[in-house]
Structure formats: C-alpha cells, structure tokens
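Two complexes, one shared chain (subunit A), two partners (subunit B, subunit C).
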Partner chain A sequence: MHDAPLMRLPVGSVGHKTFGWWGMTTVVMTEGSLFAYLLFIYYYFVVQYGRVWIPETPSLRLAAPNTVILLLSSVFVWWGENSAARGRTRRQSLGLAIGLLLGLIFLVVQAFEWRDKPFTMSSTSYGSSYFVTTGFHMAHVAVGALMLACVLLWSLLGYFDRERHAALSIAALYWHFVDLVWLTIFFTFYLTPYMG
Partner chain B sequence: MRKLTPLLCLAAASAPGEAFADAGHIAQWSPHPYALLILTLGALLYGKGVHTIILRGAFGRVIGARRGACFALGLALSYAATASPASEWSERLFSTHMAQHLVLMLVCAPLFVSARASQAVLLALAPALNARGLSALLRLSRFVAGPVAVWLCFTGLFLLWHMPSLYGWALRSESGHALEHGSFFIGAYGFWSLVLAPVRGRAPGHGARLLFVGTAALMSGLPGALIALASRPLYQIDSAQAARLGLTPLEDQELAGLVMWIPGGLAYLAAVLGLLAGWIGEAERRALRRAPGAKLSLFLCLLFPMALAGCDDVLPEGSGAEAATIYDTGGNPQRGAEAIAAIGCGACHTIPGVNGANGLVGPPLNRIGRRLYIAGLLRNTPENLEAWLQDPQTIVPGNVMPNMGISKEQSRDIAAYLYTLR
Partner chain C sequence: MAVADYDRSLELEQSGAPARDRLTHIWEGEPGLKGWLSTVDHKEYGKRYIATAFLFLMLGGVEALVMRLQLAGPNKTLLTPEQYDQLFSMHGLTMIFLYAQPVLSGFSVYLFPLLLGARDMAFPRLNAFSYWIYLFSGLFIYAGFVIGYGPNDGWFNYVPYALTRYNPGPNMDFYAIGMILFGVSSTAGAANFVVTFLRARAPGMSINRVPILTWGTVTTSFGILFSVPAVSLAFFLLWTDRQFGTHFFDPSGQGQPLLWQHLFWIFAHPWVYVVVLPAMGIVSDALPIFCRRPLVGYTVVVLATVATMVMGFGVWLHHMFATGIPFLALSFFSAASFVITVPSAVGVFAWIATIWTGRPVLSTAFLFFAGFIVMFTIGGVSGVMTAAAPSDQQLTDTYFVVAHLHYVLIGINVLAVMGGLYVWFPKMTGRLLDERLGRWNFWTVFLGFNIAFLPMHWTGLAGMPRRIYTYPEGLGWTAVNVVTTIGAFILAAGVLLLLVNVLVSRRHGAPAGPNPWGGPTLEWATPSPPPPYNFAVIPAVASRHPLWERDLRESGEHSSIQRGMALDEGKEMLSTSALDAEPELIQKMPEDTLAPLLTALAATALGAAALVHAWIAAAILALLLLAAVLAWLWPRREMGQISERRHA
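Showing the complex of A and B:
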C-alpha cells in the first residue's frame, strides 16, 4: 500500500438544492397555508363584528421594536449565509450567533407582550385568535432558533465550507419564512386597527 | 339571494347596461378623460411599434396578427370597462365596480401582455430615447421585475385598495379613482408578464409560476370570501342606485364579494391549468429528446396504468416459468461461451466459466442473469443486452466498452450464455 495521507471525504452536497431544501419548501407551503387561515379567522371576525370585536387597540410599544429585532435577525442570518458562500467562516458563525440571539430576544419580549394583555385565550374570541396565532408563530420561532443553534454548532465545528453548507441555507430559508409570517401577523393584529 | 343570481351572471359578464336600462335609467357611453387619453396614447404607441416591426420585415415573428388581435381585444374591453354605461354604474354599485376591476386586472392585462404591448411601446419610443436612456429603462424594468417584488406589488395593491378607508377615498376623489385603476393595471401587467413569459433561460420555471399564481389566487379569494360573508355593509357607498334596482347595500356587497371570489378565482384557475399543461408538455418534449422512441411507451403508460404496474423494478424470484421466458434468447449458450473466448471479452471482464476471463477493466459479469440494469441505464432484457453487445458506443457514446463487431447471431448466443450466470 502507498503511504499517501488519508483523504477526508467531504460531507454534504454541493449547493443548496438538496432533498432537505425541497422538504423545507414544502414545509414553508403547508405552514404558510396554516397562517393564511389563522389570519383569515381574524379578518372574518373583524368583518362580522366590526371594531367593537377588538377589546383594546393594541399598543405598539413592545411590538414595533420587536418587529425590528426579528427583521434584523433575518438580516444577520442572511449575512452569515452570504459569508459562508464566500468562505468567511468567522463571519458566518458570527452572523448565525447574532441572528439566534436576536431571535431569543424576540421570544422574551413576546412573553412580556403576552403577560401585559388584559384578556386571556378563553375570555373572548379575539383573545383566542390573538393567542393561537401569535402562539403558533412563537412555536415556529422556537423551532427556528433550535435550527439556528444546530447550524451554529456545526458551523463552529467546521462542518461547512464554501460549497457545502446546505443545512445552513435550509435553516436560513425557514428563518426568513418565520420573519415574513411575523410581518403579516404584525400588520394584521397591530396595524389594521389603526387603519380603520 | 335568489333574485341576485341573474344579476350576478350579468355583473360577471361586465355588460350590465341592458339589465339596468329597464331600471328607468338611459345609460350613456361616457369616456373618462384620463382613461381615454391613456388608451389612445397606448394604441398610438403600439401602432407605431408594430409599424416599425413591419418596416423591418419582422411582422409575424415578434408580433403577428394573433398578438395584434389580442391588443385590439384588450383595448376594446378596457374601453368598455372604463367608458361604457357599466363604468358609470360602477361608481354607484359596488358589485359592478368589482367586475370592472376584475376585467381590467384578469382579462385586459393578460391580453395586453399576450400582445407584447411593452415591447411594441419600447420599440416605438426607441428613436426618441438615446442609448443611455434606453439601457436605463431596461435596467429599471429588470430591477422591478423580480418575482417576489411583482407578487408583493400585485397582491399588496389588491388588498390595500379593498380596505374600506382607501376604497372610500378612491370613490370620493377623481384622482384617487384614476390612481386606483392605474395601479391595479400596472400591478396586473407585471404579474401576467411573469406568468405568460416563455419558460426558458433564467425565467422562473413552471413550478415557481404555479406557486406564484396559486398564492395570488389565495390572496384574492380570501378577501372575496370575507366581503361575501360579511353581515353588515363595510363600505360607504351611495345606496340609492342599489335601492332602485331592488338591492339592499348588503346584497350589493355580497354580490361584489362573490364576483371577486368565483369569476376572479376562475381566471386564476385557468392560468393554473395552462401552466400545468405547459409543464406536462415540457416534460414530454424533454423525455422525447432523450429517447426518440419513447413516445409510444409514454402513450401506453398514460393510457394503461397497468403498464406502470409492470414497470416496477422487481424481477421474479426463483427460476419459475416467468424467469425462463424472460431470459430465453433463443441462442446457444455453448456457442456463446466459445464466442466470448474468441472475441476476448475476458481481457476486460471477469466471467465465470470462461478460461482466463479475469479482466479488471469492466464490471465482473458474475450473476449477470440476476442484475436489474446493464450499462447503468438499460433494463436487463435479452433485447437490451443484445443491442448493448452489438453496439455499446451508440447507446453510451464514449464509454470504455468498444464496438467489437459482434454479429446479431453471436450476440444472441453470448446473451444466452450470460443468462446462465445466475
């Protein structure tokens, strides 16, 4: 046998269009439909009962900054993925870490937002709609944060390189989707009451 | 709701002038100045563009008679939607207003796109612009024409204008109304440009377009459902005209919601079906390019689902009657073994039962009678194996197995021997 050094076979596929990527796009489709119908519930009740259905005009004090936080996290995750494609592993991990941190901050602020509500999930149909919709979204954020944590760990362990970082792209796709969903929820629950 | 049904049909057809004539109102054609100006300008520019094409002798290639007819039809419908008595009624009746919007967005806009209106207008404007202006215009159009941006613009405008406050403003203000119709049309033009563009190069594929149209359909169907299901009037609309027709404002609104929901949904459904047909056609063309003889088998597979059941990759176990018929080549295995030795297959292949056949270039042929595929792409059948033996370079050009000049008889004998290796 030769004395050549053992070659390390690369792990993962080149590019992002893997089975996981297509799987994630179908998840995005099903979850997107779920949220479309959750928001339809809100609009249905508003149309049926009018403004009186909304117990209090929701305050933007926490929700607006929280929206900015979530959007920023998306920007950092995008930056991390972009850095991965350029082979800048430090920035890649940093982007993921900041994105994850901002996502966790979002969850904490959202918990305060929940605590401040004068109604409960079972007090009115508005309460049910609000807590079920935002609750589903928080669950999605939590899952997304878990994904980011895994990807961050793998990134720190050096599992990704310039070509092979499909897992990172898949997690980023999910994260951007969750942010987009929040924008629609924010618009629906927090902005439409001001638009009359 | 019963008395609404005939009205619904008329509203959907967007030609309700006759229906309203007996309501004691003699309807007049009254073109709106803005609309008339824009339609005339558009027609002139399109005509100039087509004229340029004719001068260059390219009529029929970029834009032909069919596309010209699309433009004429789109123009006529746009005029009817904005200048006919229906449009005057639409300022007082919510449901006809909705039908007017849908005709503009879901019929006129795709007709203009099919007519290649933007290309013709650009061609007409080209002499008036310098090269820099033209390239800036093209860059701008590429910048705003991304699928996500177009989708957000189209559905966003649609949803925003149906919020009661904005809708009321558009009805009260002349320029607001023009802005509403203009933005609806521009958003729809961008939307249908993406959907109807030829599928090639970097343009989105059929699947992406299906998602594009399907989600937009959802975003316009749900508000329609909301409006139709609402139990109180949502919009501040003069109810006198509706009352003259025997409609309460709520009934007028239910009708509008239904128009938005059902005929609107049908337009999207038509687009979805067209895209699906295009997708299937593309898949078929691709399959035929790869294997020119595949058309008959494709047809059979589509016609008889049973044929598909026979396509699964499981060979019969054991050496029963079925297995015997599959591998009966009609050749002589003894002569086959002699041919293998004479041709020298053993230089490249390891072949059990042939003296000195221990080559390591090609795959070993032990148990080849049980293999599912040969050459990595052909089902292991006598016909395929014989064809492969005779002419491997035609089946997989450039592969390592050379054409050995094996005759038809020889290939039958060799296959007969190889199928004894189980």
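Showing the complex of A and C:
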C-alpha cells in the first residue's frame, strides 16, 4: 500500500527530518526547563525578601552591548546555515566563524562583568543566584561555541553540501536557544530591578 | 540528493532465507566480551535494564526487611539510629529511582521498536549510554553506603538537615552527585523515547493507532524532560551550598529551606506518574489480550494518560500542606489534587469494562493485572484522603502516608511489572514462565503485600510517625507492627518465587512460539526471541490491532507484514512523519561501539573526582569525556552524513 512513495526517499542525514535534529529539540526542551527553574529561584527569593534582597541595581554598561553581541552572533550563524542550504560553502564557513567569534567575545565580556561585582557567590543568596545562573549560561555558551567550532571545522573539511548539513542545523538550533535564554536572564537580572 | 531511486520493497515469501541471512549479517554484533560491552541492540539493553532493576529491587527489599525486624517490637536495638537513617534513605531512593523507573524503561527499551515496527531505537548508542550511566549512578550511591557514608536524610533529603552544619560527612554528596548522574540517564532515555515515538513508527501507524504502552512511556518522557532539571539543579545547588558556601537553602545567608522542598516536589510529584504511567500502559496493552477483546475506550485512556501527566505538574504543593503555606495555596492545590483522580478513574473504568465485556482467561498475568486494579483503587482512595488538606495535616509523616505510597507504587508498578514479565518473558527468551509457580508467585505477593501494608493505615491513624527507629511499649502499635513484619516476609518470599520461576524457565520453560497469547500488536509477528534486525521487512500498518484484523474487521484495509521495504543495504531504518507516519527518510544506523560505555565511565569518574575535590583529575576527565563524545559524533560516510555519491 505504501509502495509508491517509498521509491524515492532521501538516504542518511538530510535536513530537519533526521533523528538528530529532533533529538536536539528534546535537549532544548529539557535545558529550557533548567533555566526556567533557575529563574524561578530568583523570583522566589524576590517574593520572599522583597527588593532589598538585590544588593545593587545592576549596571547595563557591559551587559547591554554584550546582549547585542550575542544576538548578532545568532544572525551570523543563521546566515551561515542559510548559505549552506544554497550551496555557498565559503559564506557558510564565514557565517559560522563570525558567529563563533562573537560568542567568544561574549564570554570574555561576561568574565569582566563577573570581576566587577562587589559580591561573591557565597556572600548572600542573591550572589549565589546571580553567579550560578549566569555561570550555567556561560557553560552553555561554551558548549555551544564548541559545537560551532566542530561544525566550522567540518565545514572547512568539506563535510557538508547543499542537502547534507544536518550537523550544522543542529548546532545552529542549539546556539539560537542559548541566545534566547540569555534574553530571559538579561530581562530577569538586569531589567526587572529598574521596574516599578 | 542521494535517494533510494528504485523499488526496494521485498516479498518475504519469495526471497525469505537469503534476505534474512543478509540482515542478520548486517545487524548482528560481535561475539564475546567486547561484543557484550559494545553492542547497541535495544533488546539487549531492555533485558539488562530489567535485570539490573530487579537486583536493586531485591537490595531495597532486604533493606526493608532489616528495618521491619527492627520495628517488629518495642525498644529493639538491632540497629542504631544512624544505621536506621541510612537504611530507610537507601530503601526509598533505591526503590523510587534505581528500581521503579528503570524497570519500566527496560520494558519500553525492549518493546518500543517491536511495538512500533522499527529496527531499533532512534539513537541506539544513546540508549546504551543511558543504561551504563544508570548502572554507574546506582553503583556510585551504593559505594557510599558500603563504606558507611550512605545518604541518611530520607529520599526527600530535606534541608537544613542535609546541609554541612548537621551533616558534615560525605553522605549527602554521594546522593547529590549520584542523582545528577541518574538524571543524565533518565533524560537521555526520555529524549530517545520521544524521538523514536515521533519518528520511527511503521508506515501507516498514525498517532491514533499507536499501542498504549508507548503512549504511557512517551508521556512520561515529556514529563522527565520538564521535571528532571528541577531535581538535578536542586542536588547541584545543595552540593554547592555544602562545598562552596552558596546560600540557596541555608537561612543564615538569606537562603530558603522551603526552596528545596519546592524544587524537589516540582520534580518528585511528576515522578510519581513517571513510575506508574508506563505500568498502566503495560496493563492497557496486555490486559485486553487476556480478555480476548480490544481495550475499551482507547482514545479516552490516551487522553487521560496525557492529562494525568500535565496535571501532575500542578499539584506538587500537596506534599507541603504541613509547612505553613498560605490558605489560598492550600485550597488550590487540594482542589487540583482531587481533580487528578478523574483521569485515573478513567483508566480503572476502562480496564473493568474490558474485563466485563471480554472473555477473560485467568492466567497468571491476568491475576496480576486484576490485583493491580484493586490495589490502584485502594491507593487512589487513600490518596484522596491525603489530598484533603485538613486530614493531611493529621496524617502527614505518619505510617498512613507510608501505606498509601506503597499501595500506589507496589500496586501500580510492581504488580503491573510482574504481570508484564509473564506476558513478554516468552518474547524475550522464547520460553514460557511456569504457570503453576506463577499462581503461587501471585498469591504470596498479593497476600503478603496486603498483610504488610493494609495494617499500616491503622498504625498511621494510631499516630505512629514514619522514620522513627523504635518506639516505646504501651502505645498500641506493637501488634500491628508484628503483623506488618510477617507480611513483609511473605511478600519477599513471593518475589523470590518470581526469581526462581525466571531462572528455571529461562532454561527449562515450555517453548513459546512467536505468539503464545494470541496478541494483536506487531511484536507478536516476530519470532521469539526476535532476530537482531527485529523485522525482515518494514511492516505497513492499517489498524490498531494488525494481528487481529481478520477477526475485528476494524477497517477495510489490511496491514502488510510479509511484504514491505527490505532496507538491507547496511544498517538502515525508516523514518516517518510525526503524526501520520508517512515514510520520509531512510536513516542510516550506527555500528556497535565502546563510545557510550567509555563516555558513561568518564562522566562517573568525573563525578567521583568532584566528590573528593580532585580538581586536576576532574579537568583531565572532562577532556576525556569530551574526546569520547567527539569520537561518538564525528561525521562518517557510512552514516550518509557526508556527501553520498550513490546509494547502492
């Protein structure tokens, strides 16, 4: 009964149909929950202790431009993936390389941001919450950067073509997720103290 | 694009034997120890999961028996308070984490591809990894117990008692790091089930034709993906509180002890459904075989399964009624807990209606499933009593709660699992379990269980708190405790009978044949035990009960099990669309490898290095872990990841 459509099926890792791409969506689901619980902890403390719990109004001097940098990296990774689908292999590698570089810049700026804080993770629960949450995010950026480095390397080695770049799409999905998570962290830790 | 641009379907009757030989050659693993360690066959890991979980069940059972000896009379001194603390903590976490969920994973890992008409799980290597790291996480926690540092704060592990101030030894660190490893295992398993369910069904097996067991497991898997991060995070934060002086749970630095309870129960309440929904799926799929009719109300049972899981996320606070939370929260979570009885009752009515309108065969498996329905109902009723905030405030932390949770967990999990073993053991081994021994097995388990736990309701109503290691004379608790202890030993004898039955029948049981019970689903179309490739051709499905179509006449079309795609040019599986199961892709499957085992070993060793603060070793192990993952994922031409010239 299904004979007719079976005759022409793609073979191997092609596009968003591969198991791997669906597997990465499950990773995004569970890691997204992890960050939801981290933010739950922040808001739980705010409800318990009120605004006095936040020791200082966080400065946007480094965090705001850093947010732009991370979002830009997503744009370049998207451009790289898009170029892959059009068979433009040099643009594909270039997009990945710029995306990776911006991700690394984000990590460096974040390290300066950490150094500037007058509190540590063992001073109060605010410090614990701030450093553990941003620390988890930095670890995720590092893992994402590692993925980008791998697919960049594989891209330079010529492992991808117009149809076969599932690994690239999977890494890109993870990278966009990591960037999106940063927006929720930025909103929670940096913007809500300015509200009301 | 590389496509299979010719007709690759195969009529099995015409070219059966050579095709089967070729597939065996492609799918068979290496012999010997290396083959045993490097195989990625789901059937192998299904059996290993079940065997390992049963070992943990017996360890947890022995711990319970020792505690029951201590409680058999007043003022006993068999155990010191510290030993008792470690025993009830190990008993709880062993049964909840190391037995209840892994044993169901075992059934699902074994059955998923067979039920769905696939050749393996979507990620066979991840499947192997999930098993290994589950095993290592269990060994890790037990290593602490063996050297005298077992967790001693109950499986809830409440702060502040779990903090260093009251608990300076490494007991809690064993639990914390072990649970993070265990969380990795259940998350990886869940991701595998979700993708297999959505993408690896036989053509034509649309979402409304899927066996209920897989619905139970996939619902549970979504629950795991959303809930396990809460507990992994809680244990990680506990560890940083203990080792690095953070203040999440420690009130001295504006921490919140109740935050632990929130994070723990946001996970642990959904976990109750994680360890029962697949078991309910086992009953929903297997009970109808013995009633000689399809399950009554397939669609409502599926909807009830999903609804139970969704609601399960909204009732965690009912474990915290006695913590002084606001009145509105009490009312809301109490009401929500009542509502969750509705979907549970749907299942019970569907099973009763299936028995009522069917022609039941009173085999051992049927007895277990019938017992399951009775226990489920009793556990549900005592659950309603504890869901009501006023009565819960009387009953909380008494033996009534212990009775309730054992009715739910043994009733819904253990009885369903034992019944399921009688049903699918013949598929796994090719031999039937002994029915006469089976009846002894059922009645000792059923009676022993009720003699042990029914009286506990009275002990609890008489005010005996849980977790106390002894009690004085004259409180009226002694007689009931003696009865409970006797019941516990009868129950243990019942479990031993199952073990004897399994060990004897594995070698000397009656040969089963492919379909000993006359079951309707695809796994019964394969030989017992199934060959390494499961299905010689990819079956195409036209109804919910492919093997009962001739009798049921559900639809005009017929499933095709003898004729279908061969997929014999290397390890291949068919990937189908998520809702309608239309064929979309021929997916290349990975070869056997040691990478999952090495990755799991490196992760566990990393945990051990963190436990003892060996940071240089931890850094080296992290690099090794990374190397193992890279080797695992490196693009390979045979996987069709790299530009493929010709598929031939």
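Here is the rule we use: the second predicted complex is superposed on the first by the 184 of 196 C-alpha atoms of A that agree within 3 Å, B and C clash if a C-alpha of one lies under 4 Å from a C-alpha of the other, contacts with A are read in each partner's own complex, and residues count from 1 in each chain.
By our rule, contacts are C-beta pairs under 8 Å (C-beta built on N, C-alpha and C of every residue); 3 or more make two chains touch, one makes a residue touch a chain.
This structure is a prediction, so every number in the text was calculated from the model and none was measured.
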| item | value |
| --- | --- |
| Fit or clash - subunit C, subunit B, common subunit A | clash |
| Contact breadth on subunit A, by residue count: subunit C or subunit B | C |
| A:129 touches, of subunit B and subunit C: first, second, both or neither? | second |
| First (subunit B), second (subunit C), both or neither touched by A:68 | neither |
| Which of subunit B and subunit C A:159 touches, first, second, both or neither | second |
| Which of subunit B and subunit C A:111 touches, first, second, both or neither | neither |
| Touching partner for A:44 - first (subunit B), second (subunit C), both, neither | both |
| Touched partner set for A:139, first subunit B, second subunit C, both or neither | neither |
| Residue range of subunit B overlapping subunit C upon superposition on chain A, of 279-287, 351-359 or 405-413 | 279-287 |
| Overlap of subunit C and subunit B interfaces on subunit A (superposed complexes) | 29, 33, 36, 40, 44, 48 |
| Partner subunit A, residues of subunit C touching it in the complex | 1-9, 122-123, 126, 187, 190-192, 194-195, 198-200, 203-204, 222, 224-230, 232-233, 237, 240-241, 244-248, 253-256, 259, 262-263, 266, 540, 542, 557, 560, 564-565, 572, 575, 582-588, 626, 630, 633, 635, 639-644, 647 |
| Residues on subunit A engaged by subunit B in the complex (per definition of touch) | 29, 32-33, 36, 40, 43-44, 47-48, 50, 192, 195-196 |
| Subunit A contact footprint on subunit B (complex, rising order) | 163-165, 211, 215, 218, 222-223, 225-227, 229-232, 234 |
| Residues of subunit A defined as touching subunit C within the complex | 1-3, 5-14, 17-19, 22-23, 26-27, 29-31, 33-34, 36-38, 40-41, 44-45, 48-49, 53, 121-129, 132, 146, 150, 154, 159-161, 163-164, 166-167 |
